[in-house]
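In what comes next, chain A is part of two complexes: it sits with chain B in the first one and with chain C in the second one.
Then we have the complex of A and B:
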């Protein structure tokens, strides 16, 4: 086939429908990115951490959603709550550490309190303002502590005891409403018994967050992975279903991975998650940027924090069963990290892929068409997952993914 | 009996030689410095989840197989170069084993990991950590029996397929 000149390059093939490609400006335009933070990221439920990261009362974790700093804390009543990690006084971060315990003394405050180091304002585990230094002298009776509590965020602990947070008080959905339909396929495996995080690392990659989500949503890129070609590519693999679920989520159904076909590989059957048939592998992609990947003996969960149009932070967690023996845990860790660790076989390749896309779609680069037109009866290499994601994206943004200057709703009509 | 200066220097020599061989992608020669029961791991403590983690682990056979398979995997070919300083060598009373602590910085000399036209030739600090090595001393050159690369760096971005 001939190469193409600029006009040809910039004209989508006539045979493509408008839902079978997207315009690369949705990955590179800073204005679209800012709009996404408002219309998508500040409106969605996100699995921000796992309850095993804050196992004891007064334990906490800090994180960020759409540039808003968040503090997740387990109260003395054992309930996990989420707050904006912002002091109502002068807007300082209340807690600066990634994790810890408020049982410990702090330089500016008392145990069992969240203390803003700046002026010593203190809050209890329910977000009530408990202490204002020199309160009477400075504010007389003009300000009341009851009006100076923390901003509490909606928070649920569910689906394998992940901690879910949304910034949107007006979101009428529960987490189950939001993600239950998609996560139903692995819910019994996640909820059978307590899980525990054994792996955490993060990557900041020069690429748009959707490009990472796309990669998690399509398995056609298994051609990039020697490991997957060797252990996968069977008739059962190619029959694996790829099914759209409500709210923009996608589930890639299971099949039996043949781990022993990789050199020195071994079956992982004996450490399968409860209720999961041996060596099976489910993948659940949650709009707008999280992923539950249950591969036999280990659960991997990716959570994205978009930083700019061309930069994303991805947090990678690995989980096993809380009751694991030391030997079982080590084998689970090896299973997880030999593929998905920062020095594993597949994750490095996946990240090279999206870094390369990011390099070719920098802000200001020419608009291009990114094709998602594979139809294979909604099986593994069908790109239905990406098409489904961008329908949801288009509805929420009211922009047509194939031409983001057009309104989605008008185009749909 | 205190360890001889020669013994301590031989341990240091083995560590520095391992760095040169790894820098030069001479992985088979690197494994030749290791005894048959050698084990290797990349570990780190995560303040996020408050746990020790094992990012990668393997024995000598697994490492050899993994290294043989490297050409079949897509990878970032940006070379890694080590700057190491051996801080401490402790020889046990029997004189048969030694443990060493080495501070190590590993730089990535950018080649093809992102956009080679722009990045190639640039050096970036890749990881900071320590080699925690255990040696068997049999009268000849010390043999590695265990290397733990304990990383401080936990933001690992694209990561790597290569041993550190």
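Then we have the complex of A and C:
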């Protein structure tokens, strides 16, 4: 096969269908990235954390969606709510800590309230404005606390008691409408018993968020995972189905993992999640950037926060059962880390893959074609997951993924 | 008898605001200058811990968070404060500050 000059390199092979490749500008173009924040990230439900990370009333976490600062907090009524982490007075960030408790007294805050340190305005756990300093003197009867509550965001605690938030008040879908179809395959395992986060780390990676999501939706890259390659390529592995669900989600099949074939491996059946067949594995990729990965004894949930066209923050959580004994928990953590920890089998290799792509698709780089043309009867090495994702992406953005200068709607006609 | 020892007055500086736990009850003691007051640990406004935010100066006790103030001679509110402060009865005997603590004095707070 001859190498190609610029013109040849820039001409996709005639035999490729329009949905079998994308233009690399969808990963590298900062203007497209900004548009994605508006049209996709501000309009989707995202699982931002787990209820076990807010175990007590007044516990909170802060985060961002599409750069908007958000605060989630468990109220004294035990309900978890989400608010824009912004003071209605002067637009100041209210809470600066990544997590904590509003029960603790702070130099410029007081117990049981969120306090904007700037001018001392305070809010309760339901977002009511509870204190405006020198209220009467400054606003007389023109403005009062009741006019100046926080902006509450739609928030649901569901599917294994994850806390889901959306910035879009106008979206009438529930989380179940949004993702229930894709998560149905593991819903009974997630909801059988209370879960608990035992592992959390975050990584900031020099790549476009979609490249990470792509990697989660094809398993052809098991050629990079040495151990998967030498132990995993069995008939059952290749029989796994890769199934597209509405709203751009994909279920990357299920199969029984042969842990005995791993180096020093042994079955993890006795710690399998409730209702899960022994050593069974499920993976659900949620549009636009979350992933539920249930591997027998441990659940991993990744949530992405895109920071720029070429940078993504990924939060990695590992979960077990709340009722785990110390010994069970230790083994779950070991199972989790042996695959996904820093010295585990897979995670670092996945990161090498997407960081390599990221460094070859920096903003301003020449447009290239990225191929997603594998058809293998919708099984594990079929790239149907990516094609499905980019169909949804094209619809939301009204841009054709294979040529983002063209409108998706017109091209589809 | 519910007179309980809070602390020794020896070394309790004038105008000082100090925290104590007396028989399991948290209190704040203030030296008005030879005359002592013992009050509940929380501000009646928004549960501010007065052991940290309380300041006694020029005869006025101030919660520095929202500047509620009281005359500690009587416990009466002054300035922007909207509620009086509760006080335990106190006396000094044999160099010891005593407070009459039957049950903890508490405030009701509005939870919306």
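Points to keep in mind about this one:
Note that in this section the second predicted complex is superposed on the first by the 411 of 413 C-alpha atoms of A that agree within 3 Å, B and C clash if a C-alpha of one lies under 4 Å from a C-alpha of the other, contacts with A are read in each partner's own complex, and residues count from 1 in each chain.
FYI, contacts are C-beta pairs under 8 Å (C-beta built on N, C-alpha and C of every residue); 3 or more make two chains touch, one makes a residue touch a chain.
If you're wondering where the values come from, they're calculated on a predicted model, not measured in any experiment.
In the superposition on chain A, A:330 makes contact with chain B only, not with chain C. Once the two complexes are laid over each other on the shared chain, residue contacts for A:76 go to chain C alone; chain B is not touched. Set side by side, chain B and chain C differ in how many residues of chain A they touch, and the one touching more is B. By the touch criterion defined above, A:409 lies against neither chain B nor chain C after alignment on the C-alpha atoms of chain A. When the shared chain is aligned, chain C comes close enough to touch A:128, but chain B does not. In the superposition on chain A, A:113 makes contact with chain C only, while chain B stays out of contact range. Against chain B, in their complex, chain A makes its touches with residues 52-53, 61, 97-99, 197-206, 224, 226-227, 263-264, 317, 330, 333-334, 337-338, 341-345, 347-349, 351-352, 355-356, 359.
Chain C contributes residues 46-49, 52-53, 65-66, 80, 111-112 to its touches with chain A in the complex. The touching residues of chain B, counted against chain A in their complex, run 42, 44, 46-51, 53-57, 61-62, 65, 68-69, 72-76, 113-115, 154-161, 164.
Residues of chain A that touch chain C in their complex: 76, 105, 110-113, 120, 122, 124, 126, 128, 130-131, 133-134.
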